[in-house]
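The two complexes that follow have chain A in common; it is paired with chain B in the first and with chain C in the second.
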Partner chain A sequence: MIGSLSLTAKIKIGLLLAALALAAALPYLVSPFVVSIAALALIYGLFSMSIDLLGGYGGLIALGQAGILATAGYGVGYTAVHLGGSHLQQVFIGISAGLVASIIFGAMAMRTTGIYFIMVTLAQGMIVWGLSIRLAPVTGAENGLRGILRPQIVSADWKFYYAVAIIVLICGGLLLIVTKSPFGLFLRGLRDSEMRLRMLGYNSTFQKFYAFVVSGFFASIAGVLLVYHTQFISPANAEFLVSGNGVLMAILGGIGTLIGPVIGAFIIVFAENMLSSYVERWPTVLGITFILVILFARDGFVGTISNYWHGLRRKINHTDRRRGPSRPQIYATETASDNLEEPNPGLDQEGQHSKQGDY
Partner chain B sequence: MSLTSILFQTLNGLSFGGLLFLVASGLTFTFGLMNIVNLAHGAFYLVGGYIGLTTVLVTGNFLFGLTAGALAIAVMGLFTERVLLRPVRGQSEPEVLLTVGIVLVLGDLSLAIWGGDPRSIPAPTFLSGSVEIGAITYPKFRLFVIVMAALIGFVLWYIERRTRIGAIVRAGVDDLEMIAALGINIRRIFTGMFIFGGFLAGLAGVIGGAFLGLTPGAEIEILLYALVVIIIGGLGSLPGAAIGAVLVGLIDSFGRALVPELSFFTLFAPMAIVLVLRPRGIMGRRT
Partner chain C sequence: MNGKQRRPARLLGVGAVALALVIGACGAPGTEEAAPNETLSEEAGSDVDTGISTETEAADGAPEVADDAIKIGVLAPTTGNVAASGQDMLDGWNLYWDQNDGMAGGVEVQTFHEDSAGDPSTGLTKAERLAGNVGVDFIVGPLLANVGLAVSEQMSREGVPVFLPIATADDLTQREPLPGVMRVAGWTSSQTTHPFGEWAYDQGYRRIVTLCSDYAFGHENCGGFVNTFTDMGGEIIDQFWPPLGTQDFSTYISQVQAADPDAVFVVTVGAESGRIVKAWQNFGLKDSIPFLGNETTLDQSLLRNMGDEAEGLISTGHFAGGRDAGVTQDFVEAYDEAYGQLPSYYSVAMYTAAQWVAQAIQDVDGDLSDQEAFLEVVKGVALEETPMGPMRLDDYNNPIENVYIREVQTRDDGRKWNVPIEAIEEVSQFWHYDPEEFLDHPVYSREYQGDGVWPEPNPEG
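Let's look at the complex of A and B:
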């Protein structure tokens, strides 16, 4: 069975097993502080995966996902602080709130594409932020909601870390199933050419809505976990910066892959927590990273390594004529003006011309 | 609501709408031609306002502040287009995402330079104080914003409809390749567009600085308003920006007066309605 797998698949499985072993052993290897940061990175990884489902697979870049994350978080916080509900109720209300927000947002955004989608989602996220600041009776305004306790069984940081790791792993597995399903293929079609899908008779509007709600569901889970991690929620969780961060993590790690956002989240979260005591202006660093990644490394961490690996394989094995999996193009463009300017030297050559035949 | 307070809120809405028009028109212009939305437009606005503030504090002249803010951001627009956006030209999403990076950098740097406290640009003496309109007294500066917005709106309309440069831009919106084939240097038009957009953002920032004040985070807030304006009005359309700005200004001002804790949220309903009925906005064109 194992022998029938390609070398690439074997290496992937090996790396995954190594990562799982490391994740399982982490609390025994590093300080509790680092374990807590790792849990945070996993949560943001899940959040970023939810953005990647829309962006990397569907070509729909959501810049307001923090709105859904925060809505779920406030759902938990409100139930805990104001209603005194049990943890089951908190989680249920949190995820329901996130889902309701995704359904409303999805219904608003489903008919838009490209830039319009970015703008609409950005505005939606900002409106949640505005509510979180002004709707004091529910959200506690700037003070936020404090004293949201974790369930007894995972109250210790290391236990909580394991709980988060298992939940994120399960969610990752579910997302893997979603992306491998016909629906996942459909999402890729959406990314590459929505017009063709429509011509083939797909109802792309409804499918986009569906994708938005699925993505919102995972963002809500991340929101619930985040609130239990910090045991506190405030408007800072709904900020534009959070959504931007989620997108950055996905691109940095490798958009269009599920492991990419998690790697990106680990890089950003650890850099923030380790460096912010040395670097005074962290958002500036983040912004410059954003610009540099988009200018020079749009395939992200995973993409760059995988390109390198497939290049190496082709060199070693001349008979292997198969091309490596082409990197996804999240950036399917709508304009006819794409090809006006000369191709830019900083871009990867693959894929750059693949969409010329769209029209 | 009494009649006087309705009049008062209407004027509030119109003056805020005027400011929004100044911000949104720059955004919508760049979109029409280049098919990108500069999400750093709000940050341009804020930095322009801060530069105007410093200039006004040093020189004591509001007009100098206005000029300095607008010109400085025009230069920033030039830099953004030439250095940062040119390498990713032609691919809308990376361009837009790149401007997100600019938002983070500018927001943080202006916090470092001008501090976290709310600042306000002192209005020039001839515009401070208020005038009586019927039963109410209303701040002169806000009326000035309405006049200014109408004036700039007219100038923009004139440029777009009646000048050669406007004709090129309109033709470029329709068919960029054709325009390039006719021998017009599209790159220069793109750069000019960004400089002009920056100029408008800086101008709006100084006016907004005297009108609303300047605080960290204002860049995102004004961006939200501007985005809602162009989502409602239709991207790339100047009349759309005007209609959207007045609508959003009025809805916001009445919303704040009637249900203060839901302000911001009041923008949600009109946006949702427009998106459901006309996903490309009131004046938006189908592509």
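Let's look at the complex of A and C:
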């Protein structure tokens, strides 16, 4: 079966397996602190993926996703600290709280698009942040909620890392299915031309709401994991900066791909936590990196690498009909989210076909 | 793609980035150059060597350190909103070790600074790094109360002592004490304002309006003032709570003006302090309504950027640069010489904390292997004379220290500083109240400012 795959697919499988092997071996290679940072990066990667589902696939940039993340986190924290619930209850209430928040937010945002969508979601994030500061009896205001302990079974950093890695992998798989489903196609249609979708008879308003809730579900999972990672939650988790970072991670890694946000998250989280120990002005370094990416690699790391790869392939093999030169040039320059390269190569051909089918 | 068209742009971009890096490396405003890590720079040196390839290097843990050296982790925000104060913390800390050649009790002391960025989650991660990777003996810092709470809780669970010279959250040494967490050379939010409320009453003020920053520190700081002022018989006619980081105070100030109080009590932090002091003068209220500031409103770090609008303003605090004692003036001069500015309370608290732990290390002959014994010694340290005055810890691990009523005056060299007009000695975090009765009441919050039912002042206190 492997033999039937294209060279691109083989390379992708190889890279994916290598990444998985590295992820599995990580706790044996580096110090517990680095393992803990890697877990944090994976969590933010999942968070960024949830933003990317809306932004990269649907063209809906949500700047308030930290509100959902923090709501789920506060759900866990409140259950743990004030109600003394079991971990199962904590997770259940956390994800439920996140889902309720995303349903409310989704209902608020579903009629808007473009800049209005950005403004509405931005306001939503600020509402959660404001509430987290105001509702001191629930959230502990600035002092936050302390003493949220991880479940005993994953209390050690390396165990927690494996748990996070597995959950993020599962969520990534689920997101892959979502993006490959007819609903995923719909999302891309939404990005490219909402009017055309409506003309074809789709209820784009409801589908946007649905997309928001799906995205909110994954953001909630990230929120629950984040709280268990730091064993603490405060309004800082609901700040605009967190939402903004989520978007940056997606853009840096490659928006419109699922592996991109994870790579972006690793870059930003490691810069924040490791680079800062050596370089006083690490935000400058990060800022310059970001500017460079926007200037020279608008599709992010993943998108750019795959662009170069396809360019190379085209030169080598003009007979490759799948990626023939007939591909509209406007894609590569106009939309940063052109390359829908997924970590799972098995579905790549379908993805390409369906995309061409759209047009 | 259109590679040819892009090439000039690419060159331009590379040039711009190179330029940015050069400028960044040279013109470091008060960061690298200002951080006098000379005596402590071993860790900086080896850290830089490891470069960014942290994944492999970090496995080796801390850079090479002599086995018997004492490793102290310092958490101070050098990026983010409170970076300037964080730099003051580092400067004060480093000054002490510079003066003492990085030695205490005949043992080498090494500092490992991590940037907490003023964010609880980042602070936690950095504390983990200090505790787990570097293996520090204890942590000093951080700055913000919420970061302090988060870090203290986590480190206490992991058995790493945390000394808090700056973070003030009341409950850390009141209702929710944590093992191994001490406010070495620190203070609680309401400690400096308890005596201030009584002092204000003694000045003849009867009707006061408060204008306090709307977050935990503002609530607690304000609560101390309101509690004692009303206990004496004063009346709080109104309380305003501008949100943290308020840009424009004019609406608040006109409301204060309309209430026509005998005086106003103000709690602000950071840049907003400069704004309200300026606005107060612009509204022409400086000569008509007395302005009573808390410690952070008129701290030296903010006076540096204030002009005559601050002259003569009254505030309370546990440090006053103009204190007439030799040890204070020696410190102020040494600090001025080293960094070219007058020390803030962030500097002096870290300096005194260094003095405190150095004393403790000397008392145990540099042997920190028995952590419990070391903590007992730290707790027992009584500093006869520090730049802030005499200091020792109470039974709840908070210092008993002097509180100064301060007035902003101009020095001979034209710079402003705080000069004590009254010193209240031996102030405990419980003021005159009985500690146990005090702790039966909730911590000061926006809803609970200590008015109404409240313990009678302890006559012996």
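By definition in this document, the second predicted complex is superposed on the first by the 302 of 359 C-alpha atoms of A that agree within 3 Å, B and C clash if a C-alpha of one lies under 4 Å from a C-alpha of the other, contacts with A are read in each partner's own complex, and residues count from 1 in each chain.
Following the convention adopted for this analysis, a residue touches a chain if its C-beta (ideal position, glycine included) is under 8 Å from a C-beta of that chain, and two chains touch if they have at least 3 such contacts.
What you see is a predicted model, and the numbers here were worked out from it, not measured in a lab.
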item: First (chain B), second (chain C), both or neither touched by A:Leu135; value: first
item: Touching partner for A:Ile267 - first (chain B), second (chain C), both, neither; value: neither
item: Partner chain(s) touched by A:Asn237 [first = chain B, second = chain C, both, neither]; value: second
item: Which of chain B and chain C A:Ala23 touches, first, second, both or neither; value: neither
item: Partner chain in contact with A:Leu174 - chain B first, chain C second, else both or neither; value: neither
item: A:Ile288 touches, of chain B and chain C: first, second, both or neither?; value: both
item: Contacts of A:Arg146 with chain B and chain C, given as first, second, both or neither; value: second
item: Chain A residues touched by each partner, larger count belonging to chain B or chain C; value: B
item: Partner chain in contact with A:Val34 - chain B first, chain C second, else both or neither; value: second
item: Intersection of the chain A residues that touch chain B with those that touch chain C; value: 136, 281-284, 288, 291, 295, 333
item: Chain A-facing residues of chain B, complex; value: 31, 35-37, 39, 84, 87-94, 96-98, 100-109, 112, 175-177, 180, 186-187, 220-221, 223-224, 227-228, 230-231, 235, 260-265, 267-268, 271-272, 275-276, 279-280, 287
item: In the complex with chain C, residue positions of chain A that touch it; value: 29-34, 36-37, 40, 133, 136, 141-144, 146-147, 230-232, 234, 236-237, 270, 272-278, 280-284, 288, 291-292, 295-296, 307, 311, 332-333
item: Chain B-facing residues of chain A, complex; value: 59, 61, 63, 104, 107-109, 111-112, 114-116, 118-120, 122-123, 126-127, 130-131, 134-137, 239-241, 244, 247, 251, 281-284, 286-291, 294-295, 298, 330-331, 333-341, 344, 346
item: Chain A-touching residues of chain C, taken from the complex the two chains share; value: 1-2, 6, 9-10, 13, 17, 20-21, 24, 28, 31-32, 35, 47-48, 50-52, 54-56, 58-59, 61, 78-79, 114-115, 117, 119-122, 124-126, 128-129, 132-133, 145-146, 149-150, 153-154, 169, 215-217, 445-446
